[in-house]
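The structures come next, written out as structure tokens.
In the two complexes below, chain A is the common chain; its partner is chain B in one and chain C in the other.
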Partner chain A sequence: MTAADRQALEEQIYAYVGRAIGQPKKSMDDVNVAMIRQWAEVMGDESSIYFDQQRASTTAKGGIIAPPSMLQVWSMEGYPMAASPAVDEQRALHQIFDSFGFTGVLGTNTSTEMYRDLRPGDSVTSQTTIDTISEQKATARGIGYFIETVTVFTDQHGEAVGRQVFRVLKFIPNESNGQGAQDSTEQSGTPAPPVRIPSPRGQDNGWWWQAVDAGKVLIQRCKSCSTLRHPPRPMCGQCQSVEWDSIESALAGEVYSFTTLYHPKVPGYHYPLCCAVIELAEGTRLVANIVGIDHDAVTIGMKVQGKVEQVDEKTMLPQFYPA
Partner chain B sequence: MTVNISNKAAIVGVANTEFSKNSGRSELQLAAEVVAAALADAGLKPGDVDGMSTFAMDTSDEIEVARAVGIGDLSFYSRVPHGGGAATGLVHQAAMAVATGMAKCVVIYRGLNGRSGHRFSAGVSGEITTSDSIHWGWYMPYGLLTPASWVAMCTQRYMHLGNCTKDSLFEVAYTMRQHAATNPQALFYGQPFDRQEYDAQKKVVDPFQLYDCCLESDGASAVVITSVERAKHLRQPGVVIRGVAQGAAANMESMTSFYEGEIATTQPMDIAAKQVYAQSGLSPEHVDSAVFYDAFSSTVLFQLESWGFCERFGAHDFVLDGSLRLDGRLPTNTNGGQLSEAYIHGVNGIVEAARLVRGGSVNQPNKEINHVLVTSGVGVPTGGAILGTMDTL
Partner chain C sequence: MSSETLNFEAVQIGDQLAPREVPITAALVVGGAVASRDFTPVHHDRKAAQQAGLPDVFMNILTSNGLVGSYVTNWAGPDSTTKKIDLKLGSPNLPGFVMTISGEVVAKDDALGTVEIAVLGENNVWGMHMQAKVQIELPRSA
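Let's look at the complex of A and B:
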């Protein structure tokens, strides 16, 4: 987008910060045992404190309470809203984003605070405010803005009973801005599943990855002094020869070190993900994944055997299994 | 070494901006503000500066910062590569320039929006094509994408070979947080943690949980360096650069030196340490306090061994003796470090080291501080420096 477009967008959107999206809304139904029971059943929560008055009265709560995580349920608009969505300031804000090409929307996270238990007979009123709009961010989904709304829930006495923060990303989907699109030839409209990040291929390493594509792991060998080297590089550090060939590794080796990754979770990879430095029988080391074993059972010194496998739609990689 | 740059140059001004998760301004503005503040601390004017040095990674060109601050003609400028490995490399550049007369007064700086802008924890993506993107290609397809994962690979082996357990990683992280808790500038001011809270944090990469990993923060730090002679007549007590050196090891990679020799170590730091001690004529027992580059808790352990404060694999016991605490043998990262003050790529560590020598740390240890060690990043070509009081000359 041009700087002028961005300025025009930001002038409009930031005017919404601090605005209530509409009038306070009183819930359609008061807190009631029937709805609590149905919700608890659907959620598989069998605690008697939600439906058995006699049992509940013997607990510290002294009677039936609504499950705290039901808080937002009391403020919901009912099924007809699916056919005719409410027209409010939040929707107007989203329409401004849409008109500038920020058509993607993704709920990113929410947090809720509950100040007291709700009990049958309580009446909940909610009001939502557009609290913050971030500066423009470059996200994995595309360029966008995070919009944070805050909903305050009050009871029939006007006392606050809870507060919910909800964050959405409005973004220009990557496919349409031409950046980071997985594959421009795919026209199906369904985004391709994410794949692992490939290695760039240049003159000094492309041949190695081409061999992996063909199912082999090669080790570069100096033609002059026969020293093996990995990762590949254009000159032999022992004799300065630039002449080289390669041998195929049998992929037998042992774990020299390893680590299991949990966070961040990058699209295209499965976590927990075990990465290791493998000491190959040929004498060079190779970084690769360890699979086929619980990551907690991997140990330094463990014997492993590798094979080149297709790990996703587009990626061939050496993977090592317990030998 | 034909020319000894020891005792030729001194730090005369230091500054940090505030540290935050969202500075609300450009990296260039952060750099300009912090350079101006460091000059003010020194009692110098922008026109006094004729040299500048920063990280290769910094997005604010020397001449842009100079123009913003009103610095005049420059006769020396340089950049140091390899991320946090550059930190004391800037001191190295400045000390050489001053010692050889290439510049009279050098300001070094680093400013980044490390939280609101590009976050290092996001890992490498291959989308930024640089000369070493092929190097990252040996790791990206396997998912070994982040600084935490690269350092973890060496740490796991270190823990396997030595007697190191999470107890010492906790002690490092805990001590840094204790220091931050009493530093109003620190992002974790007033927020100490205990072992239970540390153990409850999410796993990042084995063996690191959240509190073993440094912050990501917005902010900037700068340091002004001039001759020892001139330092005698300036506003602040001079902080002499007793020794400073860089180090890169044979057959190393940036962050992923997995292929030759023992990886449960930091050879580049060993190389730097040897030079700094030789250059300064000092040894570990002369060092009263330290600011180690602590991107991850384990890196402090590696460095304690590199700099000779304990034997190989002795760091676990050394830290469990409370050595890093304010009343310990080697009060360390008294600002809270990058684990708990802010992550300004190690340059906030140089600011803290200078303050310790001046006697003005917010957590100044209750003992005489004559020499303070400060280091650069671990796992990359790196460096370190020993700073001393003018009285030590």
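Let's look at the complex of A and C:
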């Protein structure tokens, strides 16, 4: 987006900060046993205080209470939102974002505080305010803004019973990124197993990956001074020649350094994931995974032997095994 | 007082909650959306979910929050009081996935009589679905 567009967007959106999205809204239903029971069934709540009056009366609660995590339910709009959601300040704000291409929306965080247990017969009123809008951020999903709303819940006596902060990202969907781009098998609707992040292939390194696809690991060699180099690049660091060819590596080597990744677990990879710098017998180094051995047993200096293998439906990679 | 409830004194930092496996089904996704009165189409209409870039209907936030709540109160027992749930969301939960919820006691506040549980929900396809911190008040032993 242009700087002028961005300024126009930000002038409009930041005007919403501090605004209530509408009048305080009283829940259509008081806290009631039927809605609590339905919730508890789905969530797998085993506690008798949610549905068994007799058992509940023997606990410290003295009777049925609503599951605390249900607080937001009492403020929900319900069935009409499927067809024609009410137009409030929050939707108006989202529509401004939409008109500038920030059509994606993703809930990222909620934080809910419960000040007291709610019981059948309580009546809950909620009011939501647009609390903050972040500056523009580059996220994994695309460029966007985080919007935080705060909802205050009060009871029939006007006493606060809880408070919820809700954070959403409004973003320009990034076509080539994120789970939106996952394939699915048409018949079953089950998503295909995730594959690894594809290697970026440019003019200087595409040839190297094409060789990997064919089962070979090549090492670039300067045509003028025969110095080997990796990763691939256009010019020799020794003699500045741009003439080069390549040799095939035998993939014998040793562990120069390594680290084991546990978290975060990127889809498509197996964890714990041992990532190593391998010093090849030819003299160059290569980053690759060490497999076929418990990661705790990997040591620096360990002799390893590589193979180019298919690691998922779309990816060929050199991997190293204990020699 | 109910004997089913853990006492504040009996819970120690580092205690692990037994993991719970939650098969994600269309019934759970849609049932959770309906139980939370959330009729946003992406939670019950597969076509709408596909237009939003996902292959199938996906779990709404209130259900994730509810699963965290039930996981912790099932462990703590009926006399416990949940004070706060801080939830961070990751990859979506879709029908066919299996989510494993695990938890650990990470803090105790003697003055308030509360413990803090770190809860993690990971599905078997896309990994981290949710991370939560839950503050729960437990009765003290008499």
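As a convention for this text, the second predicted complex is superposed on the first by the 186 of 323 C-alpha atoms of A that agree within 3 Å, B and C clash if a C-alpha of one lies under 4 Å from a C-alpha of the other, contacts with A are read in each partner's own complex, and residues count from 1 in each chain.
Methods note: a contact is a pair of C-beta atoms (placed from the backbone, for glycine too) under 8 Å apart; a residue touches a chain by one contact, two chains touch by 3 or more.
Everything numeric in this text was worked out from a predicted model, so none of it was measured.
J.: Return first, second, both or neither, reflecting whether A:Pro234 touches chain B, chain C, both chains, or no partner chain.
T.: neither
J.: After superposition on the shared chain, which partner residues are touched by A:Pro200: those of chain B (first), chain C (second), both, or neither?
T.: first
J.: Pick one for A:Thr108: touches chain B only (first), chain C only (second), both, or neither.
T.: It touches chain C, and chain B stays clear.
J.: Between chain B (first) and chain C (second), which, if any, makes contact with A:Thr315: first, second, both or neither?
T.: It touches chain B, and chain C stays clear.
J.: Between chain B (first) and chain C (second), which, if any, makes contact with A:Leu273: first, second, both or neither?
T.: first
J.: Would you mind checking which one, chain B or chain C, touches more residues on chain A?
T.: Partner with more touched residues of chain A: C.
J.: Check whether A:Trp39 is in contact with chain B, with chain C, with both or with neither, and answer first, second, both or neither.
T.: Second partner only.
J.: Please indicate which partner A:Gly18 is in contact with in the superposed arrangement: first for chain B, second for chain C, both, or neither.
T.: Touch partners of A:Gly18: none, neither chain B nor chain C.
J.: Could you look at A:Gly121 and tell me whether it touches chain B, chain C, both or neither (first, second, both, neither)?
T.: Neither partner.
J.: Quick check for you: in the superposed arrangement, does A:Pro264 touch first (chain B), second (chain C), both or neither?
T.: The answer is both, since A:Pro264 touches chain B and chain C.
J.: Quick check on the output: what are the common chain A residues between the chain B footprint and the chain C footprint?
T.: The overlap between the chain B and chain C interfaces on chain A comprises residues 180, 264, 266.
J.: Can you check the complex and tell me which residues of chain B touch chain A?
T.: It comes out as residues 116, 121-123, 125-127, 129, 133-146, 149, 152-157, 160, 202-207, 251, 256, 258-259, 263-264.
J.: Given the complex with chain A, which residues does chain C contribute to the contact?
T.: Per the stated touch rule, the residues are 1-2, 5, 20, 22, 28, 31-32, 34-41, 44, 46, 52-56, 61-63, 65-70, 73-74, 77-79, 81-89, 91-92, 94-96, 122, 125-128, 139.
J.: Taking the touch rule as given, give the residues of chain A at its contact with chain B in the complex, in rising order.
T.: 135, 180, 196-202, 204-205, 209, 230-231, 237, 256-264, 266, 269, 273, 275, 277, 284-285, 287-289, 300, 315, 317
J.: How about chain A: which of its residues touch chain C in the complex?
T.: 35, 38-49, 56, 58-61, 67-70, 72-73, 76-82, 106-114, 117, 173, 178-182, 184, 188-191, 193-194, 264-267
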